[in-house]
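Structures incoming, each one as C-alpha cells.
Below are two complexes that have subunit A in common, paired first with subunit B and then with subunit C.
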Partner chain A sequence: MPAYITRRVLQFVPTLLGVMLLVFGLFSWIGGDPAYLLVGKIPNPEQIENIRRQLGVDQPYYVQFWIFVKQVASGDFGASWATNERVSAIFATRLGPSLIVLLPMLAVSTLLAMAAAMLVAHVRGSLTDRTIMIGCTVGQSISILVYILVLQYVLAYRLGWFPVQGWGNGLAENLLRYSALPIIVGVVVSLAPDIRLYRSFFLEEINQDYIRTARAKGMSETRVMWVHVLRNAAIPIVTNVMIQLPGLLAGAFLIERFFSIPGIGREVILAVERSDFPVIKAVTVYVAIATMIINLLADLLYKAVDPRVELK
Partner chain B sequence: MALALVFGCDATPPPHPNSAPGGVPDKVLRVTFQAAETGFDPVKVSDYYSGTVIEAIYDPLLTYDYLARPAKLVPNVAQAMPAVTDEGRTYELKIKRGIYFAPDPAFKGRKRELTAADYAYAIRRFLDPRNRSPYAFLFEGKIIGLDELVSQAKKSGRYDYDAKVAGLETPDRYTLRVRLKAADLNFSHVLAFPLVGAVAREVIEAYGDDSASHPVGTGPYLLKSYTRSSKIVLEANPGYRGKIWDFDPGTDPVNREIAARMAGKKLPLIRRVEVSIMEETQSRWLAFQKGQTDIEYQLADVAPTFMTEDGKLKPEFAARGIKLDRSVDPEIIYLYFNMQERIGGELNPVGGFSKERIALRRAIAMSYNVADQIRIIRKGQAIRAEYPIPPGVAGHDAGYRSYIQYDPRTANALLDKFGYRKGPDGYRTQPDGKPLLVRYSSTPTERDRQFDELMKRSLDSIGIRLAIHKDRFPELIKLENECRLMMRGAAWIADYPDGDNFMQLLYGPNSRQTNGACYQSARYDERYEKSRRLPNGPERDRLYREMTRIMEVDTVWLLTDSRYRNALLQPHVVGYRKHPVLHAEWLYIDLAAPSGR
Partner chain C sequence: MSTGATTLSGAPYPASPGLWALAWKRLCRDRVGLASFAIVLLYLALMAASAAGLVAGDWSREAGVSYAPPSFLGPGSAPSAERAAPGSEAAAGAPPEDLGIVDPLAAELAEIRKELTGVSVSESRAPTLAFGGDKWGRDVLKKAIKGTETSVLVGIVAAALAVFLGALFGALAGYYGGPVDDVFNWIYSVFTSIPYLLLVLAIAAVLNQKGTATVILILGLTGWTGTFRLVRAEYMKHKVREYVLAADAIGASNAQRMFGHIFPNVSHVVLVQLSLHVVLFIKSEVILSFLGFGVGVDTVSWGSMLNEAQSELLLGQWWQLVAATVAMAVLVTAFSLFTDALRDALDPRLN
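Here is the complex of A and B:
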C-alpha cells in the first residue's frame, strides 16, 4: 500500500506539469496582453512597458513559466493583477461561502438521488421507472440558467419564501437564510443526472449473483435493498460525489452570481473577465491537485471497502 | 415548500432599515453595483464602481454643482475657485482650515488636519511608477518638474516624494500652487476629478500594498465594512465638516420640487450606505421590486418592462410611487475609420484623403442605420449622437445636425460615381478594379455580435464585402494603439464635463493614444490648439463646430448614439438627480420615512 501511494503521488508531478503547461500556454496564446487592460483610458508606451515589467510579462516565456513553477512549489501565487489582493487571501475568504452552499447541496442531492434511484431500480421497467426516467431526461436537458431564473422568480420573488439574493455575516444566517434557495436550485439541477447515474449503479448490484443468493436464501426484500445493494452501490456513488467537489467549487459560478454569494466560482469568472492570471493559475492548480488527491482517496476507499480490489 | 419552512422562510419582508425603533429614522440607503469594485486607493483604480465609493470618502479641491447643467465647477475643500494666472499656466488655491481626516490607527490617536501638502502628495502619487496609475495621464507632461522626478525614479529605482518639484508648491500650510508647462484652462476640472482627493501620506505608508482596502479621507463617508466583490458598507463620517444643501434649481420643475424639500438641510442626511454587488440583471430587478434596494440604474436590459416607448414610467409602477430619473450619459459612441493610407505594409482601402476614399467612407457611414442600432440593440435606451460633445457637457450644441444621415440610396450612387463598380457577385471592387474588402474589428461577445450583424447588413446594402475581425479587448486596444485596425466601434465617456475631453479624440498628436482613427488634419489640429487657449464660451464653441464639420467632410467617424441612464427610485428617495460626472449622489439626497411598509 505505501508503495502504491508513493507511486501515485509521484504521478501527480507530470500530471500537474501538464496542467500548468496547458493553462500557461492557453493564457499566453489567447489571454491578451494584460497591460492594455490595466493601463487605463489613455495609454502610452512607457506606461505599458512599466506595467509589463511589474507583472513580469516582459520576460521570456521560459522565465515566466519558471516563476509559475516556483509559485506552485511555494503555494504563493502573489497578488491579483486587478485588485492587488493576495491570491491566498482570495481563497481564504471565498472558500467558506462556496462550501456553505455546496456541501449541503451535495449532501441533500446525493441522499435524494440515492433514494429515488434505489426506488426506480427496484421497480425497473415499471411505469414509475419509465416516468421518472423520462422526467430525468427532460430535466437534464434544461439549462441551469432556466432553473435559476424560474426558481428565483417563483420562490423568492412571487412566493416570497426566500430572499431574492444576498449574503450576511454569520454562518447560521448564511446557511439558513441566504443559502436555502441556492441549495434548492443546485439540488434540482443535479437530481436528474444523479438519479440516472445512481440507478445504473443500483441495477448493476441488483443483478449480481450474491443478491440472487440472498433472495434465494429468503432474505427480505427490504434487507436486500437497504443493506446489501445500498452498501455496495454506495461506493461508486461516494466516489462520484467526491470527484465532483473540486469542479463544483469553481463551476458554481452561475448560482453564486445570481444569488450574490461571494464564493470561489464568482471569483473565477471575475478573474477570467479581468485577465487576472495569478488567480486563474491558482484556481487551475488547486482544482487539479484536489482532483488528483480525491481520485487517490477514492481508490483507497475502494480497497478499504472491498478487499478483493487490487491496487496496481 | 418543506425546505422553505425548514430554512429561511421569507414570506414577511425584513423591516426596512429606515424604520428604526422609537420612530427615529435610521437612514440606510441600499444600492447595487453591477460589477465588482477593484479597490479604493484613488491612484490605482479606473473602474466606475471603485470610483463611486472613492468619491464618497475623499475630498477633491473642487467639485460640481449638484443641479447645474452643463456641469458647473464649484469649490469643495478650496476656499474659492483657483486663482488662474500666467495665461492659464499657474493655479493657486487656498484650502479651508479645520478639516480633519477620518480617524485611523495610522494617525496614532492624533487628529490629523488636512493641509495643502496632502494634495501635493496625492498628485505626486499618480506618477509614481510603482502605482501604475490608470489616470497618470491627468498629470503626465503637465506639471513643471514632475516628469523629471519620474525620469529620476526610473534611473534610481526610487520615486522621491520629498524631492522639490518646481511646479508643485505649498508656500504655506493651506496654499497649493501648481505651475504647468503649458497653458491649460481645463486644469480646474482635473482638480475636481473625484480621484484627485487628498490622501494622508501616513496612511499610504502604513498600509503599503493594501492601501486599496484602507481608504481614509476627509469626505462625507468612511468605509465601515468591506467584503470584496460582495458588499461595501459606508457610514457617515462623524467628523465631516458638513455641507448645506443650497443649489440653484433654475426653472426645471423637478429641480424646484427637490429644492423645496431639501434647501437648507445639512448634508449628508443618509447615515449609512450599503452597496451590494449584483452582477445579474434579474437579481437587481427583483431585489428592487421587492423593496430590497432603494435606487437602481443598471436595468437597461429590462427597460421595456418598466418604461413606455416614449420614455415614461409605466402606470403600474408610477402608481406604486416609484420614480424615474432619466438622463443621457456624458458619452459618445462612434464608428471610426483608420485614416492612414496603409495599415502595416498593406494598402488601407478606407484610409487617406483622396475623393474616392472619402466617398467610400461616407457611403459606409450613410449605409449604417443608427436608428436600428438604437431600436434593436439598445432597446430604445439611447439617443442619436449628432455632435462629438454629448449633452450635459460644456460645449454641447443641441441644435447641431450632422451632414451624415442614413441614406443607402445616395450611398450607392456615391460609390457608383466614384468608380466602385459591382461585380457579378454583387460586391463592389475598388476604382482600379482590385477587390474591395473592408475589415471591421470587434470582441467575441454577444453584444458585439449584434453590432457585427448590423454592420454586415449595412455594407451588404451598398455592395461592400465585409470581413469581421474578432479579438479580445486588450488585443484590440493594442492594435488600435499601433494604428492597425481598419474600422471599429468605440465609446468615450467624460473624464470631466468639458468639450475638450471629447475634441481631443481627433487631435493628430493623440494618435496611438486616444485618436483611434489616427486622424491627422492640419486644419483640425490648428483649431484644436486654438480652442485649448480659450475658456468655455461662444468663441470656443464656434471652433468646435468648425472642427466637427472638418471631421465630417473627411468622414473620420460616424457618431451613433449616447445611452440613457434610467434610475428607478423607491418612493421614499428624495432629491435624486443623476449628475453627469458625480456618481455618489448619496451625499445630496434624503430618505423619507417609508409609508405603508
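Here is the complex of A and C:
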C-alpha cells in the first residue's frame, strides 16, 4: 500500500508538469502580450515596457516558466489584474461560499438519486421504471440555464419563497436563507443524470450471483435490497461523488453567477470576462491538483471498502 | 469523418450484408430509436434548409411590435388593451423607445434601413405573432430555427473534430504502444485532470474572440479524451488478433493495418462517440453563448436566445424562453435516444 501511494504521488509530477506547460503555453503564447491588455486604451511605450518588466514578460520563455513554477509551488500568484486583490486572498474568501452551497447540494442530490435509483432498479422493466427513465432523458435534455431561469423566476421572483439572490455574513443565514434555492436548483439539475447512472450501478449488483443466493436462502426482499444490494452499489456511487467534487467547485459557476454567490465559480467567470489571467491560471492549476489528489483518495477508499479491488 | 446520418444512409444497401446492414435491421426494429432518428434527420434537414435560406431567411425582419405576444388566432383575438403579457404590469406591447421623445434621426434611419433591407419601418407591424416576438419584434420561431442552424452546426463539426482527434490519437497509442502510448497517455492525463468546462473557459479567456469557428475549435480540441480512451483500448485488443497478423503476413503497412484493417472493426465505437459528443457539445455551446463567450453577437443561437430571455422573463415574456427550450429539448432528447438505439444496434452484446 505505501509503495502504491508513493508511486501514485510520483505520477503526479509529470501530470502536473503537463498541466503547467499547457496553462503556460496557453496564456504566454496564444494569449498574447499581457502588457497590451493591462495598459488600457492609450498605449504608451514607456508604460508597456514598465509593465512587461514587472510581469517578467521581457524575460525568455524558460525564465518565465520558472517564475510560473515558483508561483505554483509557493501558492503566490501575485495580484489580480482586475482588482489588485491577492490571488491567494481571493481563493481564501471564495472557497467558503462555494462549499456552503456545494456540500449540502451533493449530499441531498446523492441521497435522493440513490433512493430513486434503488426504486427503479428494483422494479426494472416496469412502467414506473420506463416512465422515470424517459423523464430523466427528457430532463437531461433541457439546458441547466432553463432550470435556473425558471426556478429562480417562479420560486423567488413570483412566489417570493426565497430571496432572488444575495449573500449574507453569518453561516446560518447563508445556509438557510441564501443557499436554499441554489441548492434546490443544483439538486434538480443533477437528479436526472444521477438517477440514470446509479440505476446502472444498482442493476449491476442485482444481477450478481450473491443476490440470487440471498434470495434462494429465503431472505426478505427488503433486506436483500437495503443491505446486500445497497452496500455494494454504494461503493461506485461514493467514489463517483468524490470525483465530481473538484469539477463542481469551478463548474457551479452558473448557479453562483445567477444567485450572486461569491464563490470560486463566479470568480472564474469574472476572470474570464476581464481577461484576468493570474486568477484563471491559479484556479486551473489548483483544481487540477485537487482532482489528482481526490482521484487517488477515491481509489484508496474503493480499496478500503472493497477488498476485491486490486490496486495496480 | 462522416456524420451519423450519411454513414447510416449508406447502410441499407443490400450489396453490403455486413455489420452496417445488420445494425440497420436492428435499428429498424427499435421503434423509439427509429422515431428519434427521424426527428434528428428532420432537424438536419431544417438546418440545411435554413443555411440555404429556404426557411427563416427573413428571421431578422421586424415583423411584429416589440415583444409581440404569441397568438395563433391572429391580432383579432388579442385586443390592444391586452397586448401586455399575462401577469406583467408594464404594457409590454409598446416599443421600448416609445418614451414620448421624438427621434430627430428617425426619418434618415428609416430611409437607410429601407435601402439596406427593402423593408420599410412604417410597414404595418403585427400586434401579435403566431409564436411571439422578441425585443425588436422578430418572430421567435424563426429565431429558434436560425438558432438550430448555429447550435447543430457547432455540435456536429466540433464533435467530428473531437472524435477525429480522439480516434487518431487512440489508434496511434493503442497500435504502437510503448513510448508513443506513454506520450499520448501523458497528454490524456493532463487534459482529464482539468475539469472540462474550466478548460473550455480558460481557452475562451485566452482566445478572447467570439465566433462560431472559435467555439468549434475550443470544444473540438478539448473534447477528444473520452474517444481516445475507448479507441485506444479497442486497438490494443485488435492489434493481436489473427486478421491483423494475417494482414502483416501479406505485407500490409502499419498505416494500412491501422486504418484499412482495424479501423472498420472499431468504427462502431467511433460512431456512437460521435453521436454522444454532438449532444454534449450542443449543450456546451448553449452555455458558452449564453455567457457571451460563444458565437458572435450577430449570430443567433439557443444560448443567445436564452440570454435575451433572462431579462424578458422578469417582464412576464416567456415565449422566447419556451421557443429556445423546446427546440433544444426535442433535438437533444431525440439525439440521446438515437444514440442509445445506435449503441444497441451496433453492439448487441451489451444487452
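Convention: the second predicted complex is superposed on the first by the 309 of 312 C-alpha atoms of A that agree within 3 Å, B and C clash if a C-alpha of one lies under 4 Å from a C-alpha of the other, contacts with A are read in each partner's own complex, and residues count from 1 in each chain.
Keep in mind that, in the parts below, a contact is a pair of C-beta atoms (placed from the backbone, for glycine too) under 8 Å apart; a residue touches a chain by one contact, two chains touch by 3 or more.
Treat the numbers as computed from the prediction; the structure is a model and nothing was measured.
Trainee: State whether A:275 touches subunit B only (first), subunit C only (second), both chains, or neither.
Mentor: both
Trainee: Give one of first, second, both or neither to describe whether A:259 is in contact with subunit B, with subunit C, with both, or with none.
Mentor: first
Trainee: Contacts for A:153 in the overlay, against subunit B (first) and subunit C (second): which applies, first, second, both or neither?
Mentor: Both partners, subunit B and subunit C.
Trainee: Would you check which partner chain A:294 touches, where first means subunit B only, second means subunit C only, and both and neither mean what they say?
Mentor: The answer is neither, since A:294 touches no partner chain.
Trainee: On subunit A, which partner touches more residues: subunit B or subunit C?
Mentor: B
Trainee: For A:26, using the defined touch cut-off, is the partner it touches subunit B, subunit C, both, or neither? Pick first, second, both or neither.
Mentor: Only subunit C; A:26 stays clear of subunit B.
Trainee: Identify the partner contact of A:238: answer first if only subunit B is touched, second if only subunit C is, both if each is, neither if none is.
Mentor: neither
Trainee: Is A:167 in contact with subunit B, with subunit C, with both, or with neither (first, second, both, neither)?
Mentor: Touch partner of A:167: subunit B, not subunit C.
Trainee: Just to be sure I read the superposition right, which of the two partners does A:305 touch: subunit B = first, subunit C = second, or both, or neither?
Mentor: neither
Trainee: Using the touch definition from the top, say if A:50 reaches subunit B (first), subunit C (second), both or neither.
Mentor: First partner only, subunit B.
Trainee: Which subunit A residues lie in the overlap of the subunit B contact set and the subunit C contact set?
Mentor: Correct list for subunit A: 30-31, 149, 153, 157, 275.
Trainee: Which bits of subunit C are touching subunit A when the two form their complex?
Mentor: These residues of subunit C touch subunit A: 186-187, 189-191, 193-199, 201-208, 283, 286-287, 290-293, 302-303, 306, 309-310, 313-314, 321, 325, 328-333, 336-337.
Trainee: How about subunit A: which of its residues touch subunit B in the complex?
Mentor: Subunit A reaches subunit B through residues 30-44, 47, 50-51, 54, 79, 82-85, 90, 93, 149, 152-153, 155-157, 159-167, 176-180, 183-184, 257-260, 262, 266-267, 270, 275.
Trainee: Using the touch definition up top, name the residues of subunit A that touch subunit C in the complex.
Mentor: 14-15, 18-19, 21-23, 26-27, 30-31, 137-138, 140-146, 149-150, 153, 157, 246-247, 250-251, 253-254, 268-269, 271-273, 275, 277, 280, 283-284, 287-288, 291-292
Trainee: Write out the stretch or stretches of subunit B touching subunit A in their complex.
Mentor: That would be residues 1, 3-4, 6-13, 36, 38-39, 44, 46, 129-130, 132-137, 140, 209-210, 212-213, 227-231, 276-280, 282-283, 286-287, 289-290, 292, 471-475, 477-478, 481, 495, 513-514 of subunit B.
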